[in-house]
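Attaching a single structure in structure tokens format; questions to follow.
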């Protein structure tokens, strides 16, 4: 294992100690498989979700975010319906066409510099409704935190949900980093989802200290009818389910989700601050959550990547000749020392 | 959690201590996600597979057996090809049509009392080859251990592989319980797969002490080309991959797989022996691995299930009036005391 | 073109003169494409369907029977649902897995000697309902005429529909040869479909004198919602739609469908009668519609096929050593002379 | 039927008399179904294709252009591969997501004002190759004539094919209106396809005088392997195949395709010329084939559409306030009188 922590992604980090502890505790004796037959671990975890999201929800555990997004959206559509998302959405660009494969549907992509989309951008797509030659827009999918590190306010989400519902559509929220957004806005899960009109949520944790597993939350039990079959058919039903549910139970208890998210967010702020004095760098997005997006000279990127892996996000930013946009992610376990080390390396390479 | 261990399934048991230990050990610092960029944990695990299966293999980790079966088979087919399997095969009956969904293909089912199939039964299906109105048989899928608890010998597998290859087909082996089979036959993995001509293997561990994860092994690297995309599109690429690879690395080290499998198999033998004196019961299948299939009076089933959950396997066995066939599974953690408790309950209810 | 008419299939015959005439008549000027914008040809054809099936129907034209079956059934299901059909059903055996591909669903097959299925045979499959590991039975699909040449009575259809509806399922009728069945039973379309509780019908004509096209009829307009998108996505929306609708309009006018069907049926009766004196032949199915199924000595088959092509239906009928089952189909244009010629050839080869 | 011919689409027109004649001629006696068993009509049609495209081709008939495009492209891809096309491509925008449904694949769209794409625009997408999170670009699909009425030269096609092949990709040509392009450039089919390096062609005729049917042509027989199964599974195998093959046989004989195409193209030239004097109109695309794209004042559109249906192509052209872009299509049967009538109506409404 590398001794140095990278800023590659929040999924390069390990599992936080509280979750390891929860896994150890649930590892006793036999337990019903597949979350069936009143599996008590499963039921406790679901109860915990109700605490945070209200009572009229249905909760299903799957393996990862790809699946939570694809299956959650698929539940609300038929194959001739279309999803509307930002071009940059993970669902659109980073799933190797898993949505197209499982749903047989088209994704209608919307250009966005900050990863957020607005109702006015979706409006023109409504002209396709009722025209049999076009896929029918049905679900709007947004990411919170977005893939550009930005954050929707609860009001912005409510506006999109309202627009969706007025047009017989649904709103899906890809919450791979929802904890970071909620922590950043100093609000709670319910305000940003249930109360804002979200129809289905992919609730992630792996990027914030969990080992594996993701949760699909429907905010109207009727909408969740038969989802268990879709999950199974989607190859996402875990046999030893307790090892997913126990993680989420712990994650939602005693503010663990918030502790981890705040830690990561704070480090991103610190990193951004540490980078701001360098005139050859330019921070491109509002730093709200745990990512910092930076224009960086190409040579510097090459040099730095020998020590620290991080992802190129935009290889040819408009109007930039020698610089590319990179993404630096902080994690629940990122430390001040990690940042200092990175800044030190940066200085060395700028000389 | 229930204090009493059931005989419901080997996936009701927990994770064995060695695997918990391996998970704890790998939980340090940052590690490349997705098994990419030379992730050292991933590479060590793959090296361990080469030790057991030989060098010309390609190894991919996925989340579960459903996925390993569906994706492994899918890799060798196009949608107009068909899979041939026993009617009782998990792939055919217990995946909520996941294969049909992902592959868009038909499964041609073969009747079998013991869960095993023979080349002579597949022969008539070959008439479809070249007839454009019929799905084209392409992959033969067998389960080892079968869903009826029986075991193929290496020779039987070799025969099926030969038949497959002579007819331009492939052989897939669903090894959800392959460790139990290899332990039962006192052989090794290679003899039963690589050397027997298997083309693709679903290598399971969750039923034998692992927490999650399954491995797809291709026995010819060319056949594995591009499988990483199929895995991703199949929603089966884990971000924190090290927590799967570390389990398999440990599982294949120091004979852990064998220790667990032998323990479960032995308990099945003991259970079968303990049941044999009861004249109202009848063991229906050869007890080779860790499952015992028994005809049991309906009333007894109802009574016993109040204390011990187990699955009905056949609700209306031919020629049986008052008895149904049940499946009793032993696990790596089943003890003599568990069996004694069950037999005691059985006696109480037979009075 | 062969001068001799075969008994291969009713789709080896040509287009009847009335339909050719209708195509010529509709071939004037411009007409809205895709059946859109109040296309008058389309509307007249649909009105004609209402005459025969009642008012509460929705009518959609597609290209062929494969599509009518697959899309019609698909409309009533999600991918985790299953279709129940006879093993011999065209939908199951002769579509190269088109249903599995388009629907992603499983077909649960039922053994049947005469091609018909009964509620009692479907009953055991209901145990899967509510069990998340199994595909959920949702549509029962029957063929009228069956693939074995037999015919369901309206009462038998009503019984299956009742069973389906009591169990939250639907009934689909593959009517590739429905005209032959209705003519054989001397009834009308409505009695056998609308009034019997059928939910969706594939209404064929190509086997009875049409050039191309098939109709999907839903017997409840609500069930047809959005079907136009499924049709388009299923690659079945014809641009010059008038050339399908005009055919069906003519087919349903002035009893053309019945005239053709009666002609074919009568020839099958005559053929069966002509074959009955031959002791080496054995008619295996009740001759109701336009097909005759016969056990025939292998050598005779080989000899006859040099002059007349016809299909082997069962290569190894149970309990038969030297004979195989063949299918002899009559068509709207089969003549007494054709039958005489065939019987003559048969005699020649029996000597 | 409307007495006035619209300029809505070339599929609003009827079937040309030569094709009606060919259908009548082939309507004699029995003929093997499905193009099987050496169907002589089918073989003659295929021979005719070889005359025009060379010997190393494989030819398959399907029902329509949707299917020819989807199945032809699908043959060259696996689900994790992606198609690259212009955003305006029919395949991308006007198939109600049929490609996504059947292939399970993503379409990567390229912005284009004239409907044509260039290698330089595709280049950046190649970065995804080898990155497991992204769909893998595999087929470039272009339309000839494009959806904007423009035409690729043979050189431009050759360049795209070269780019495709150098990057391990294929070139698909959607030739719904290929006859119009070939006629416009005064070349032949072979120069523009076989010799230019096209891998698979959708060869259409319905927009140029045929009744139904489309042809998939592969320019390398190896690439066509097993395509018959994909066609059948794609619900595109016609039983009475002779009625498709006879049309194409006639279409490719005696220059019928060219006669019809030249007629339509000429009318488009005449229409464009007749519109050019009107200062409130603006022709937006190079008029090469049979379509004229025009910016038209909104009020005029509304007024004209009362008499003549035609399609809005762009509701909000950039930089235009009161005008929208419409498409006026000429057909093989458009006459000078039709154009005069239209221009007259235009004048009336401009007053």
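Structure notes:
When the chains are written out, they are named A, B, C and D in that same order, and each has its own residue count from 1.
Note that a residue touches a chain if its C-beta (ideal position, glycine included) is under 8 Å from a C-beta of that chain, and two chains touch if they have at least 3 such contacts.
Worth saying up front: this structure is predicted, and the values here are computed from it rather than measured.
Comparing the centres of all chains, each the average of its CA atoms, the largest separation from chain C belongs to A. Of the two chain pairs considered here, C-D and B-C, the higher C-beta contact count falls to C-D.
Distance between chain centres (mean CA atoms), chain B to chain D: 50 Å.
Averaging C-alpha coordinates per chain places the centre of chain B 41 Å away from that of chain C. Inter-chain spacing, taken between the CA centroids of chain C and chain D, is 33 Å.
Residue positions 79-80, 95-97, 101-102, 104, 132-133, 135-136, 229, 232-233, 237 of chain B each touch two or more of the other chains. In the complex of the two chains, the chain A residues touching chain B come out as 1-6, 8-9, 11-15, 20, 23-24, 27-33, 37, 40-41, 63-67, 70, 95-98, 101-102, 206-207, 211-212, 229, 232-240, 243, 309, 331. Listing the residues of chain C that touch chain A in their complex gives 34, 36, 78-80, 104, 132-133, 135-136, 226, 228-233, 237. Listing the residues of chain B that touch chain C in their complex gives 79-80, 82, 93-97, 100-107, 124, 127, 132-136, 315-316.
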